[in-house]
């Protein structure tokens, strides 16, 4: 069930980087939710490659063809399915990789697991390209959540070895000025200075035929109190389960996260106060989640993205057919930094996890 | 499905802190696996409270009664079920909590979610006590994994606000000297100096009626290459899903984790070399996992544990019945630091995630 | 996941006939549903053995101990768990069965599947006794469904080799007179004549050291329109999946069932007419289900129960240790006919399937 | 999760009768299984419409495009996905159906459940056309099972109101002569006489603008002992769950099935005898399944298929917009009997259920 997510929803993702198409099936979505195709396309465009010198030269439009589940601009209750054709593939780049696994990629464990039957071209099913169907499903989830007034925002919190750090998202309430800035900057940052310096950092890595990673911060504003469950289906578990499905993610934390481990309880506990007739946490070290359940404060989390493993500099590897050491130079078109394009993917992951939990909790969509 | 974990296995955990008993059902375990009850009890004892001045004064033996699934010291193929009686409960301590939610606990969102029908005594189903049945199941999983030569070790990586830092676990191979030291020290640390300083840190917090958190590092040695899946059922997803089910965990990372976000690709990628006839990663920034699948290197991960929210100092809260601000002083017996007792829980979580993945991959138990 | 049922709920059943206890965990039940323990006990008593000369002499009270999930007579949102102690076990009866499998029982395939590690005493996890925890969960589901005005009724539709046939349940609306008669008769039949003749049939089989089977008909009245799903999670799929989990069930049909295969479409199709402002099917060959979804007509289904395989007459079998033919005489206390005791089990199965579908469809409990 | 099946596998089916395409994703299939596309196409052709005067005039080639999961004629370990374009759609036929539900179809409950947002054209997601992707997945499962020597055969056991009855499948071992006859006859029957009379029965119904149903019998030969599980994931539960996902199926039975309810235990129990070194049941009333687990005897089951609800004769219905009674004449091209085309669908369902159980039991594919 590797590529299947959800309890109330069932998201199945399929495709390989160089198969005829990639796509997804999304079951369990109630009927009658409006789906704005243009808005969805704009969301997908944020993930698509080829828009900037900081990303791979592989250009693909990521235009989904909806083949089921939507009628007259609304979900019809049947599973939603969409595919994206793979058009710009160059399988010739990948011939060597079956023998000589790329460090930092899944080539080696995949060869063992699949007894060398896996599709190695372009990373096969392990390719970051599979985040495109995740964004199709996530983009629909975002539109569904908006019916309950929920907004999800992400940005690059930090990037590079000497980290360029952006301002944090407002942990207490949606800050429209921040979202405007994130959209306006050439990289999704609140601070234009940070965006500019991150851009330089990426281009420098590109020039050195190397790569850099970063941390993405994501917040969901407007989540009602009481969404999620204790133990294994809390919001943290759901978000983490899907976020670790994004290639290159190596860490996930909520609220204060790892920093909470360095606080006293008296500091980390978020005190409550009444605001008019509402109970409100006064700080948000919990990231809006206690016992797996939303507190009404924004749900805030971060994911660590490792530097792209595909780099142009020679690397030490092995020739598995020869059973001997071998050096490898990865060719092809690769992102020197996947972080900017992973920002909408984090939003998609967050939206799907929240929608799954809300549906399981009996929230109605449309509201 | 809040308290249910697993694909090949189905672990159902039930009970509240002050209900007649807590327990678990563990379905999907093959027949014929030997279960050493004494070894399991020793494992459970590492989690049990009341053994040290650093933990709560609530003393409970945590002796499971097996009511199904084991015959003549072996699993019999039927679901394994065990319960632990709750004997040392003092419900009187918790009367006020229904009205005035404790900051940092699930009291407030639980009251909303369950329309005030939840069991508030002792934290109800949200209590850390529910990690006892997790350890029953995890202890059996550890014994099952040992049939494939897998060993899981955890320790306190760091603790407290000015972090006391232990030596790291060997990332390349099992180091028996480390495991001996971890067992011998009064707190589960490799360095006796670190153990001693952590103990002081906890006792200081206790005296101040405050609490501290920490980071636990866990390694699984001997995991064969090829375990796990891409996307949503990789080893990272499975471990994270269960680890975030442990109360107070706010972050999970694998290998270099968040530090990987600050590396260049050329540094973070683990190069391969042949060692005799074996392919071996030369470093382990990946934490033994690429594309969700084990690489043969040790599976290494860390979880951040927040400071215990129950503290003796007065805190700001609200009286939900009165709809007014209210201060709260949490009474009762509480751990000033849950981290030492959470170390075996991390091992249990890791074991269950691995066993689930290996069973799904068709590994045979007994081997 | 053998002993786990449900999408929105997760019912885990555990225990063996002669293990210390049997029980269940039921996760996913909303908080605040009143549970009347006396009503539940009366429901369980209908399944319990030892009440009549037509059933086994093994007497067990089937008194559940609730160990979690219920507080002050209401569900508290945490998993509900209950156990029933096994007190009246005679393992001595079953020693031979490990070697010589009983025809019609799971002994032989279980021995192969579990490599002879299975618990053979009393049928182990395959025992009909495991329907007791199914009835605990089902009894709670029945009480939950009653909050939406749903009533579930079952009776013996036919019994024995020259079938004694009862009157059918009213397929169009709840008939209180029928339910009163079913409760009043010594066997759960609408017709007292049928009940009496069925009783004779069972006693005759008992005297001949043989056994008989029968067909149970079950109806759920008051199910709202629109419950269930197309394809694999329709009401038919859910009911069948759980009904085939009842030992000895070999067939399940809905509405006209197998008889529908012998109708013309013009006869089988249930026409609609308006009744006041309501759309009403005028016949109920569909058994209240079209495309997996409830039509508002009563949900009606039948299950075929094979004759109890444990019979006192000698049977041909094999000695698996010796690898030779062997005859077998099953000793111990057995029902000459399991059908009467399976009637409440059918109601429990139906209730759990419906509750699971309604929760997944977002119906609120309490209503 | 309506359109999702499986534990070890995850089959997601998507599409509507008149959406751009229908298709499926099949996750959890091991790498390295050879897939013969021609053999698969021949299997699909048996289900496809338009081949005979007994079926609908809607002609569609049912040629799947594989878009993922297969490389060089073998499964590659990634989810298998395929789509079939819908080319021959006439939406104009269905305009009226949104208002006036067809008796025997899902129109009415679907309208309520989906608040009139469902796709009504051609039956939408409820269409029998959705069995095409089921057959894609099932055809692959059949090829996988053949690696373990398993063969699945189905035929029309009986058809029509005065049932034309075919010879039964051999319940004890594969009879190649039977399979040859089933392939050779114009309808899938063992007896050419039965095939001929069934054909007449269907054509007669067609002429009367009516429809007929029937019973399909299916057998899986060569299933090893020990496949399946007790309680809710036995072979019976799995097969029934998927079989009730085939439109028009209203009953499922195993082995003697409903007839077992009319036997004595002494007759119904299948005695064992040694045959050389093998334990062999001497009869097969159990349908090869005891306690949910395969006995080594052929797995035999039957499903009742109701007469096609779409008939040309006028029927009583209601106009839901007007809230008034209304008569309805269903136009369009419809099968007067779906039974012949459902025969390969039964094989597909059986294959998927078996493959799921075998994978969960750790059987290796390729063997």
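As written, the chain order gives the labels A, B, C and D, with residue 1 at the start of each chain.
Definition applied: a residue touches a chain if its C-beta (ideal position, glycine included) is under 8 Å from a C-beta of that chain, and two chains touch if they have at least 3 such contacts.
Here the structure is a predicted model, which is why all the values come from computation and not from measurement.
Steps from chain A to chain D, taking the shortest chain of touch contacts, total 1.
Taking C-D and B-C together, the pair of chains sharing more C-beta contacts is C-D.
Averaging C-alpha coordinates per chain places the centre of chain B 45 Å away from that of chain D.
Centre-to-centre separation between chain C and chain D, using Cα means, comes to 26 Å.
Chain B and chain C have centres, each the mean of its CA atoms, that are 39 Å apart. In chain D, the residues that reach two or more other chains under the touch definition are 1-4, 7, 13, 78, 110, 113, 125, 230, 360. Chain D meets chain C in the complex at residues 1-5, 7, 13, 101, 103-106, 108-110, 112-113, 125-126, 130, 158-163, 205, 210-215, 225-234, 236-237, 240-242, 244-245, 247, 249-258, 260-274, 277, 279, 281-282, 285-287, 290-296, 304-311, 313, 315-318, 320, 323-325, 360-361. Interface residues of chain B, counted against chain C in their complex, comprise 1-4, 10, 12-16, 19-23, 25, 27-28, 31-32, 65-69, 71, 74-81, 83, 110, 113-115, 117-119, 124-125. Every residue of chain A that touches chain C in the complex is listed here, in rising order: 7-8, 30, 78, 230, 359-360, 362-364.
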